[in-house]
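Naming follows writing order (A, B and C), and every chain is counted from residue 1.
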């Protein structure tokens, strides 16, 4: 069985981390299988980790340290968001996760996050593709 | 057909790389399809690369250079393992891989690894979700 | 329904980014589902982002800055390509993506890329595993 769905996200800051775990669980429509969670944007990311405010600030700090502001990126001649794309390369725009008993089969300390790397933006789209039974 | 399984890993060091390729192959119960390999912990990772001792030491070295010890991370006020989480963000906690003829369809020089980033720990859980026929 | 396919890539430079979106779309043989796109090599990567020449140069630049040349990597005693492997760890060797109406369901600015990190090479293999209906 294949079920496809999607939802929209509006973001309010340049860098913003949004916990989408319960939004995904509400849309799960199979009992067991795999779900692909995919962001249709190349300046955002989908990741799994712990929802702790300090840690999420540390993630922003680390990304700023890995993709330094001091360099002149070529993409900025076209659109001034090269660093947003480069951070997205490091985190990736999708996750494929297990579904068990009609919900994400995550560990106790795990959440799924949408990461806005070039906001604020309206109508960011996340697609869900469930394969299972 | 959906098959779900899992296994446990005990780790002995703070940073440890464990080749789980044959453990996964032994649990594969479909002929062809996709397998999601997922670690239920946010201070660990699942990756695919070459099993060469020197390279695996280089990986540890690179991660320590990317997530520097000299900064004071906010998450460390809660739990002294911010760097373990941040390395996990860079590597990701899952892989979805092809199954062909009842085994992982990897290249000659590829293995699947569980990476412990905050050990030693007992009962790390890796789940396997196979979709196929 | 499970469909498995693959194609070969020849690369001409040490670092090279090849847009494989239309090649994948031409091989899609299901209507809706998930496709696993997997490179059978541990010195390459599969990523999703924008096909803009300047940005792709920025990606090469960033990776060279993250995996520095000045260190002496242990893997180089065996094979002089430790940095190629380490870049592959950061980007990952697969992507699992949604298929809708017999094509990749990507956003307007998204392409799928094969990234050569240790070329030039002949016969790089990318496998496609489609699960759906």
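The rule is short, and it goes like this: a residue touches a chain if its C-beta (ideal position, glycine included) is under 8 Å from a C-beta of that chain, and two chains touch if they have at least 3 such contacts.
What you are looking at is a predicted structure, and each value in this text was computed from that prediction instead of being measured.
The minimal number of chain-to-chain contact steps leading from chain B to chain C is 1.
Under half of the residue numbers at the chain A-chain C interface are used by both copies of the sequence. If you average the CA atoms of chain A and of chain C, the two centres end up 20 Å from each other. Shared interface positions of chain A, defined as residues touching 2 or more other chains, are 34, 66, 90, 92, 96, 131. Per the touch definition, chain B reaches chain C in the complex via residues 32-34, 47-50, 52-55, 57-59, 61-62, 65-66, 90-92, 95-100, 105-110, 131-133.
On the side of chain C, the complex with chain B involves touching residues 2, 4, 34, 36, 38-42, 66-68, 71, 73-79, 82, 85-86, 88-90, 92-94, 96, 125, 127, 129, 131.
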